[in-house]
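What follows is a pair of complexes built around chain A, which joins chain B in one and chain C in the other.
For the complex of A and B:
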């Protein structure tokens, strides 16, 4: 590894993870500054209150609270599953959410790049129009249409009860596939990904290297693909980060277990340790994706090594 | 331009509905009429009635209370804070650019929806907190895009010439760079923050608990009630969903229109 590459990677790593630590510190500061106290929700007895404050670490100084949050010492759940280790809760939920997130991310990449690479934008309004609907609305539309369509068909004797009926309560391949599709397409995510890839492709198509090849009548697809790698790394990381947020909605709409649903429940029931743990894990996921994207960019494009 | 008329019309309709909601005198409690539940669209109730006999059209008008004004605030936060940080970084460059970039990047450490939920949990899921969260969620992007453009324009000959000829920095920065060079960019980024607020508000209302609660209407909780109550007329069930989809499609479409105009002006 060259010195410039090593320095660039070190600089990017420090920037990405430094930002993450700053964000988690800000989260802990906000929690400490928030009005009211979580213990007030549980008891007014001064003795019990003092014990809970000590047990839950609410009296810990800021630096200790930040180190605990970063170190994965999140303690036990307060209200969601009282007494359960938060690290285990969040870890199990993450494992359940991973296939959904990964499926949606890969679908976005494949469909997005394929769509953006089309030279003729045939009926280009179709997918963007669909993609404008929020995740919950797409999920709602599909659930209503499939349930009522199947119900009518069963009533008319055209259909036996399908294995997936009725959505979203029955765990089935269709429910999982719909969740992946909705997460990938909804809330304008796929549309903005396609627009961004197309815009970068247009820039590269106008670059002198590509125009020179075109003038000589030589194929440019491989060069374009290579030029797109650094851009694609950043766009894919951004999209991946946004999908973490989408998990919350999709898992609720499709009644699926996972990290998104756990985070939502923790927010609703004000289970602070689970909220903090979910926030830290999300920040870590975002930072990890950005770091991977930076590494890919710096490795693929030597011109970026001096700017780190 | 003619192809964009529908999007402007949808946006104007949302603003008009908000105005109508303020002056129309619709009473969400007095409108309850269980005897008229699930009525078909008619002259008295254009879009039919819901499971409690309430006029769906009026409730849709009232639902704009939940998002029109807070969405504007989300745009103001995003453009104000992100634009200010981007301007600082783009104009001064160097360590100021790095510092403003680090500050602007803080909200971007968490996914946007997660950031809003965190703020709603720590404080309260009020429209103000949600608007602040949605605005903050777009600060990193706004600061980065404004900073990059200002940084490039700062080094152009006309800026150097203006400064050498004694034109003040506020005028060069405000009129020549921000207004002439960045107004469409800022409008587009503000529109994105506003659209995100609409998505967040309706999503939270659909999911319940942290969003607008019955009997107050939101497109989100109206869609949710249409999901569980199949006895309602199809028009009554679909109307809030279609209105929400149209509004977001219009905002996304205008985002694209502004982006194209911005690119043309830049060229």
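For the complex of A and C:
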């Protein structure tokens, strides 16, 4: 490995780690600033309160809380699942969320790249119209429409009770497929991914190498694909990071167990260890993806090594 | 878990519009799954807004947890259908002549869900654990009147009280825990017991599901058994507006509480039965009497007279306006105290007497408009409608009303209970069968966050607590009702009519107004 490449990678790694520390610090500050705390949910007795505050270390200074969070000293849950090991809770939730996140990510990549690569934009209005809807609204609308449609059909004797009925309460293939689709498409996610890929493709189509091939009447698809790889790595990583945030809403709307729902509930219940652990894991995931994207870009494009 | 590509929503709903052969094949495959129905016997599923964080009667803080406790655990005594105290784990009680102690005989035919016998050690343990300061139990106040407890035999205990008790059995409804599963009377909130609770109730805990639901199965050897309902599932559905849909869809069998707006649609469904029940709950607008101008009784009374209670009530349901801190069906409700009616003239007199003048349509004093800032818990159903209507109502009579704030539980507890950082609160008080309002209205009450103080009310509440004579208690508390109503520490609004909904596939349903499942062993599932 050349010195420039090593320096570039080191710089990217330091930036990613710094970003993660900043994110966790911000999370701990927000938690401390949030109105009410976990003890408020447990007791209003001043004496009990004082004991629990000491017991849980709620009065610990900021730097201690951040160091504990980053060091993985998360201990046990306070209010969400009192006594349960936070690492286990978050680990289990991540495993539950992984298929949803991965499904949405792959769907974004496959549909996004395929759509962007089309020479002719077919029925342009369809995707923006669908993708413009917020994740929450899109999910809720689908659930209501399917439930009401099926309920009416059952009432009219046209349909026996489907195995997925009623959404989102039954763990079914339809619920899971809808969740994947909504996470991938909603809030403009898929649309912006397609636009980004298309924009990069346009840039590459105007590059001298591609124009030279075109001038000679030779196919350019393979070259375009190769040129797109670094861009795609970055865009895919960025989209993957955004999907982490989407999990919170989608898991709530579709009543699915997972890391997003756990994070939400932990915030509501002011369960600081669970919130912090979820934050650390999410930050690690996002930072890791960005690091991979950066590395891919630096490795693929020697021009970037000097700017590290 | 999932196929990577979901069906296009439009193709699911309107297949003919985008009917390509591939889509049609996918639709047919999907349809085959649509019609695959479960033919198993349905469990009894009921809905809670929030799954219990902890299943341990020592640390119960929500009604959802209390309802689950009712299925899993027993107290020494319980309620019969007339809400009279009857033995449960106890066989009987003999109270001493001076009413400062009692011997309780326990049943010897009861086993815990793990097969161990129920004994006096369990009762001794439970009371000592609740009283143990290091246990940090919010339920400690329930046994503060018990000075000591000792086993006098394998199935008998002696309780010594801190003072004479008129009816100790009425206060022995708290749930009993198995001593053999704890190492001492100091119990931590995170004790593993709450993840695998063992009781003597009609159902035993099976497991927490990943979707936060809780599964219970019928227990054998407990104090009572249920033969008809073979599985109980507590489902968490945080969206209240969706709960009524679930019972219509046959996705659950019962709703603990039906939103007023859902009553009509459920009433119209022949597969759902509504069960009205009387709760000891009433709504109020409470003043922080430690903040100006709400420390002035005449300003509080004036504001009360500016409010049309019935007009506020009608959009949110049916119920009964109240004139004081009890529901009209309570023996302590003083029917001689009239419900306040809107009286703009009298309100104007009171405000003028307090130095307010109406300038430009707004009541002001020293250039400061009379301003109302209402805080309300977000989880209180219909609170938004009430608060917004209240805002509109007061603004039309010259009171400036800032936009109401709705806060989550943690912020509510911090601002109202801990820091007293509020001016007016719109909320609801719910009481158990004892209807003990001492903590709310005694100057030393732990729930008296409005800083209300009236020495005569304190005296009467102490008298009601200490007297052995039920009639004297009734008289004292009716006087409290009158005094509190006169002092206007809050605007007493109404008690709402409450309804549960249960599918008609469950019959012989009787619902306890507070704990819901007390009589579940009498319920019958199935159409037979």
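FYI, the second predicted complex is superposed on the first by the 272 of 308 C-alpha atoms of A that agree within 3 Å, B and C clash if a C-alpha of one lies under 4 Å from a C-alpha of the other, contacts with A are read in each partner's own complex, and residues count from 1 in each chain.
Keep in mind that, in the parts below, a contact is a pair of C-beta atoms (placed from the backbone, for glycine too) under 8 Å apart; a residue touches a chain by one contact, two chains touch by 3 or more.
Everything numeric in this text was worked out from a predicted model, so none of it was measured.
When the two structures are aligned on the shared chain, A:242 is found in touch with chain B, with no touch to chain C. Within the superposed three-chain model, A:270 lies in touch with chain B and with chain C [touch as defined at top]. Looking at the shared chain after the overlay, A:84 reaches chain C, while chain B stays out of its contact range.
When both complexes are overlaid on chain A, the residue A:282 reaches chain B alone and has no touch with chain C. Legend: residue contacts after superposition of the two complexes on their common chain; A:51 is shown touching chain C, with no touch to chain B.
Of the two partner chains placed by superposition, only chain C is touched by A:160; chain B is not. Once the two complexes are overlaid on the shared chain, A:132 sits against chain B while remaining clear of chain C.
By the touch criterion defined above, A:35 lies against chain B and chain C together after alignment on the C-alpha atoms of chain A. Common to the chain B-facing and chain C-facing surfaces of chain A are residues 34-35, 268, 270. Contact residues on chain A toward chain C in their complex (touch as defined above): 34-38, 40-45, 47-49, 51-52, 76-77, 79-84, 92, 96, 99-100, 103, 106-107, 110-111, 130, 142, 145-147, 149-151, 159-166, 169-171, 173-174, 176-181, 255-257, 268-270.
By the touch criterion stated above, chain A contacts chain B in their complex at residues 18-20, 22-24, 26-27, 30-31, 34-35, 128-129, 131-137, 140-141, 143-144, 148, 187-188, 191, 195, 241-246, 248-249, 252-253, 263-264, 266-268, 270, 275, 278-279, 282-283, 286-287. The part of chain B that touches chain A in the complex is made up of residues 102, 105-114, 117-123, 195, 199, 202-203, 206-207, 209-210, 220, 223-224, 226-227, 230, 237, 241, 244-245, 248-249, 252, 256. Put simply, chain C touches chain A in their complex at residues 1-7, 9, 12-13, 30, 33-38, 53-54, 59, 61, 133, 136, 138, 188-192, 194-195, 210-212, 235, 237, 245-246, 248-251, 407-415, 417-418, 446-447.
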